[in-house]
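The two complexes that follow have chain A in common; it is paired with chain B in the first and with chain C in the second.
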Partner chain A sequence: MTDISVDWASPAIADRVKKRHRADLWLKGGGMAALGFALLMLFILVASLVSTGADAFRQTHVTLDFDVSESRVSPDDIFKGNFRAIVNDAIEARFPEVTSRSDRRTLTGILSNGAQGAVRDAVFADPSLIGRSVTLTVPVSDPYDQLMKGLIKRDTPEANRRLKDNQIAWFDQLQAAGLVSKPINWALLSNADSRFPEIAGLKGALWGSFYALLVCFLISFPVGIAAAIYLEEFAPKNRLTDIIEININNLAAVPSVVFGLLALAVFIGWFGMPRSAPLVGGITLSLMTLPTIIIATRASLKGVPPSIREAALGVGASKHQVVLTHVLPLAMPGILTGTIIGLAQALGETAPLLLIGMNAFITSAPESLFQPATALPTQIFIWADSPERGFVSRTSAAILVLLTFLIAMNTLAVILRRRLERRW
Partner chain B sequence: MENSVMTDDNAAPAAAPTADRRNAPEASVKIDAENVNVHYGETHAIKDVSIGILDKTVTAFIGPSGCGKSTFLRCLNRMNDTIDICRVTGDILLDGHDIYDQQIDPVQLRARVGMVFQKPNPFPKSIYDNVSYGPRIHGLVNSKAELDEIVEKSLRRAAIWGEVKDRLDAPGTGLSGGQQQRLCIARAIATQPEVLLMDEPCSALDPIATAQVEDLINELRESYAVVIVTHSMQQAARVSQKTAFFHLGVMPEYDDTEKIFSSPSDKRTQDYITGRFG
Partner chain C sequence: MAGFLMLLIVAAAAAGFFVNWRAAQVLRNGGVRLHSMTAFHGAYAALIAALPAFIFLLIWLALRDGAIMAIVMSGLPDGAYPADDAGARSLVQSEIRSLADGNVFGTPADYMLVAAERLNSLRWVGDVLMAFGVAAILGFGLWRARRSIAPQFRARQRVEQILSGVMIFCAASAILVTVGITASLVFESLRFFAKVPVTEFLFGLNWEPQIPIREGQVAGAGAFGWVPVILGTLVITAIACAVAIPIGLMTAIYLNEFASPRLRNITKPLLEILAGVPTVVYGFFAILVVAPAMRDFAATIGVAVSPNIALAAGGVMGIMLIPFISSFADDALSAVPRSLRDGSLALGATRGETVRKVLFPAAIPGIVGGVLLAVSRAIGETMIVVMAAGLIATLTINPLDSVTTVTVQIVTLLIGDTSFDNPKTLAAFALGLMLFIVTLGLNIIALRVVRKYREIYD
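Take a look at the complex of A and B:
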């Protein structure tokens, strides 16, 4: 070996060390800045959603006495009852001084159309109410809700305001009488969609998303795992499997709208499956989730230590025993994590659902896979498109609900990974 | 360079006669390999190796890294089948029957020719399940009682019963390294094999665990043909009666362990055991 004399104390060496430390700091600082930027963006997103959406989690209600007289509702056919009249009577009874026809019409507009439904449901639940008076807390219509939340400003000139002075005065009277309340808006979750923002809810979208994800899971989980097991454990390593592998990766990158078009043409067009149905939505989403699951499963199978395979082969286990009893259980945490992440992606997927009609206006929750429904992201799309002021906050609220589900699913993925991983 | 290894190796022949004393005189050939060649793709890993492995005898494969001793060992229970590019030619006869014959199922062969690996690799299951797995998949037992018996017998033979009998439900991976390796040996002998292949079974163990496993190998010799690959020449000298020396894919010498370590006939063997290379 040639001798190189090094003077570790020389200034050149010290300089070098300093330079290297500086480079370390730069790398670390750059990473932190990038992370900070990402967190800031996330914070802005969530903050803007919360600031607009928070309002939607409370809904202004008014408590009134409703006189369910037999002249309005016949006990024999409750469904045909004139509940509109009952609701109108109730509000007019509070304001006997309002007599003109047009004023009365404006006055009855204080209550939401949902009020009729509330009274009807109460009578359905308890037919003995007929002939009696019942006190119910019903939602007010959207403009009054906005007034209550301060979104309609009282100091705006009357001409530019949605509520005129007399309407505000009526509302103030109700408030002064202690009849107005602003409880938590459970209807946001328990009601289906509606034209009226004050009673519109996400129930239909939640069920639609649930059914679609269920179908998606039932298809993509077994198919994805089976495909991955074949590719990883059985397939010969040749050109054909290379091509298949490349195409699976390509599939993961195909724009989702393409899958929507495919579903529209094949499932609805050729197979005649019902439009807007969660079944079709789920099948479409499973096409998109499949590559994610296949890739995650293959990675997890690869990650199982070869010593486990050898151990099983060494005692004479056959291929399927090696895979099913030894390799697959060890790969499960990774597979489940990949599946949940795939499903979370599917939950947020909008474009393919738009194409198969899951953005229809549907006022009831689906009761099966075949009934028309919306999904959470498409419901957001519909509401974002709606002109009523009340849907602005509800859109943000729906996004927050969607984000909550996404965060819950991703957290579950992390927990599962922590719990199950590294047990060998 | 590696002085310590050299002195150890020089001491090794002295230990050989003790092992030899226990040699069974009337051992018959259990595995007969003739002109075995192994190719990994383009690489010719084993070249014309012929060897007769004796029953109820410990046979050691020694040689420098990459000489093909593990590859040859894995031919004996067709573990190389799992590697796509691996091709084996020549004859390997187990009790006179070609194990590469079409009619031989590698899955059953591996039950008859058990294997213990370099790194202890118990299944991430209970100790009981580790040992009972082989008998169960091969349908060797008809009842839980029989299975219990096999498990106990195997664990006893592997000299670990006393340490684990109170915690058969505990995970096998929770044992110490030496215990894990003995558990793996118990797992291998639970399928009632005729031959036991051991691929450097002690290389991941400390000296105490190594001594335990070596004692165990000595006892196992009474029932099985044991083939052990080892990097430690002292170990080969301690536990084996026959030694095969592998070098660059060929087997220059195969003889009684005592002979190999005292007066090897091949120059390469001599160079290796005296520490001139490897």
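Take a look at the complex of A and C:
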């Protein structure tokens, strides 16, 4: 017989228990540290984006009088007017003491290239301005904007600074005259892309993403639901449906860049669809969203209790009638939730859009599905790649805009699920 | 034009539905017993008119541009472009297109102007034909549907047949996508392997795809051995896994076993946010915060690192994968039957011992499946590495060095390049094929492992 009596009070055993509990604590501590690390990274991610991106939501402007003389702009052809000269005159009039040619050229650099556009738009909207003087608030160019926001430090040695002492002095003079302001930067949303960070905006990218998502929705929503209904409600259990199912699961895990290759070879190469078009982007994204919607729809259809089906069948409805008029409406909240989540994923997808050329430099918003455009994530990629310092905060701001959309969509999905989903 | 026709199809479907529905109602109100309900007669008309017209429109739109261009090109005089040069051919095509759109640069040759005019007239003819085709199909469908209304007409069965057909097609479209992916990758890769031998691609130790595109251009000779590229991918994947697997597992264990329900409810959505952040954001995070921090740290301890340090890209990718692994591990741990846990605790094991010696071994298959899926994701992940990893393929496993990955090469080879005839572009498809095969293999194994594991307890 084995002797199993143990002296539980002995120090050896007490030590053992202590050791075991210590091991427990280690595991617990490690878990807490891991969770803490993940959350810390999330915090750093958000904090770094907010701290660099917040600057881009305000833009330094300067208010000047622009003399729109008839010698510069003819009322017959406003677009041919010499607005550059008007803008240069306006800033030079403020500094009559600056006379040397090179200084004057540096001086005109205070104003953004967007200033000409602002004056032209004003004159175009109201041709009666020609021959008069007009007071407008126009953006300053990027280095001065950075100076205003404190990103160019005054105490760095002049040689290492993008702005020389005299440039800073000019800007201070403007500021002392109360002409400099820092309004909310609506241009970030209402301007299209530009090479100049101070006037670059997201309008083109927002429209491009909207069009692409629209196409994606129009394709993947009906096709996904139809496919899911067939597989869940009608499909016989055979080899073919098995293959389809394995296929869908695998498609959900294919790297996104491969979908880009498919789109490039098939849609653009073989079918000759236009490059950079939101249409092609949308079709590509729909292929990636399809598995998500199918899987969500099937789960949702499964959630409808069999009693509903049996009751409808019992009163003489056909199988199709049961599904279309009873099961599908009841499953709709879940389907919509899955669709919104799928679209949110599609909105953040970048790699396939890069391959079909939606990273082109385009300075106007697309007006149709066939015109070249960028999308929000590809715009972020373009800006992140741009060397100008001003694009760093623009990139962060664009990311914040993208994240806002994603959070809004996911919140909508959660609300839909809470409000509409029934528990049986 | 296509948009207008789409509206026309919708309008015709609505009209057909209404007309047939009314006709069936009139019949029924006349005292006749109908086989199908009136709405099915309407739906039959809508489907039989709109569906063929819609399919016709899609096929027409897909084939139109290619066919018109082929006709225009066949009309060009001999010698307008070198017969076997696909690049010159596409150049001529795009010039004709821009001429047809009214953008004239310089003085184009006369035959080009003729071709542009021809393109425009063919486009017009094509549009007219398309409109007539759609209208004819709609008219015929409506006429046929209207004639079919009869008491004994089995409208419901017909409608259901058509719907079933549509649904089967939609379900099969998933296969179509896979076939499309495989076909395009294999087809373009075969063209690549016709120029570069397979053995050189698979076993070559040099990857220098910068080949001369124009004649006389100064560039490397071009080398297409993918070993350094896949090695770089593996280095970054290994770094990502080294970050994600321990942290993800520990997080899952903590949340599953130790955390209070309240903490769970707060932290799980936060982790989901981490999972929902687009990868382009992680890429920017890597170049904005992580890489500079690592460089500064390396500088303070006096280690020389490359500016595109692999550790930054891999580390950020690891952060991205933490929620992925933790949710898989969480599911696997939760799926272990309650009795195992209770039994272990009842024997006097501490919570930690229960996790380590009972739950974890039981959950291993599910966790392994999740890890495999995470590895496949890391290999296929694109944006983080495109933004934060290097471009030059070096044969190294040093995580402080700069490495490149398969996906980086695919993107850089294809950005801004349209012609499909040089090995540089085609190489991207060969890389894509390898990527597809590797990730597909990993996914299949992972799903097998997960499924097998489920069978044990169900």
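In this section, the second predicted complex is superposed on the first by the 383 of 424 C-alpha atoms of A that agree within 3 Å, B and C clash if a C-alpha of one lies under 4 Å from a C-alpha of the other, contacts with A are read in each partner's own complex, and residues count from 1 in each chain.
In the analysis below, contacts are C-beta pairs under 8 Å (C-beta built on N, C-alpha and C of every residue); 3 or more make two chains touch, one makes a residue touch a chain.
As the structure is a prediction and not an experimental result, all values here were calculated from the model.
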*Sticking to the clash and touch definitions up top, decide whether chain B and chain C on chain A clash or fit.*
fit
*Examine A:His326 and indicate which partner it touches, taking first as chain B and second as chain C; both and neither are also allowed.*
first
*Which of chain B and chain C A:Asp24 touches, first, second, both or neither*: second
*Which holds for A:Leu355: it touches chain B only (first), chain C only (second), both, or neither?*
second
*Touching A:Glu310, do we find chain B (first), chain C (second), both, or neither?*
first
*After superposition on the shared chain, which partner residues are touched by A:Ala34: those of chain B (first), chain C (second), both, or neither?*
second
*Once the shared chain is lined up, is A:Ser194 touching chain B (first), chain C (second), both, or neither of them?*
neither
_Contact-wise, after the overlay, does A:Thr395 reach chain B, chain C, both or neither (first, second, both, neither)?_
second
_Partner, of chain C and chain B, that touches more residues belonging to chain A_ = C
*asked:* Per the contact definition in the header, classify A:Ser318: touching chain B only (first), chain C only (second), both, or neither.
replied: both
*A:Leu264 contacts which: chain B (first), chain C (second), both, neither?*
second
*Once the two complexes are aligned on their shared chain, state how close chain B comes to chain C by Cα atoms, in whole Å.*
6
*For chain A, give the residues common to its interface with chain B and its interface with chain C.*
318
*Tell me, which parts of chain C touch chain A in their complex?*
62, 65-66, 69, 156, 159-160, 163-164, 166-168, 170-175, 177-178, 180-181, 184-185, 187-188, 246-251, 253-255, 257-259, 267, 270-271, 273-274, 276-285, 287-289, 319, 322-323, 326, 350-353, 355-356, 373, 376-377, 379-383, 386-387, 407, 410-411, 414-416, 418, 420, 428-429, 432, 435-436, 439-440, 443-444, 447
*Contact residues on chain A for chain B in the complex?*
236-237, 305, 307-318, 321, 326, 329-330, 423-424
*Once bound in the complex, which stretches of chain A touch chain C?*
20-21, 23-24, 26-28, 30-35, 37-39, 41-42, 44-45, 48-49, 52, 222-224, 226-227, 229-231, 234-235, 241, 243-244, 247-251, 253-262, 264-266, 268-272, 275, 287, 290-291, 294, 318-320, 344-345, 347-351, 354-355, 357, 359, 377, 380-381, 384-385, 392, 395-396, 399, 402-403, 406, 410
*Which residues of chain B touch chain A in their complex?*
77, 79, 82, 84, 107-111, 114-117, 119, 121-124, 133-134, 137-138, 171, 173, 184, 187-188, 190-191
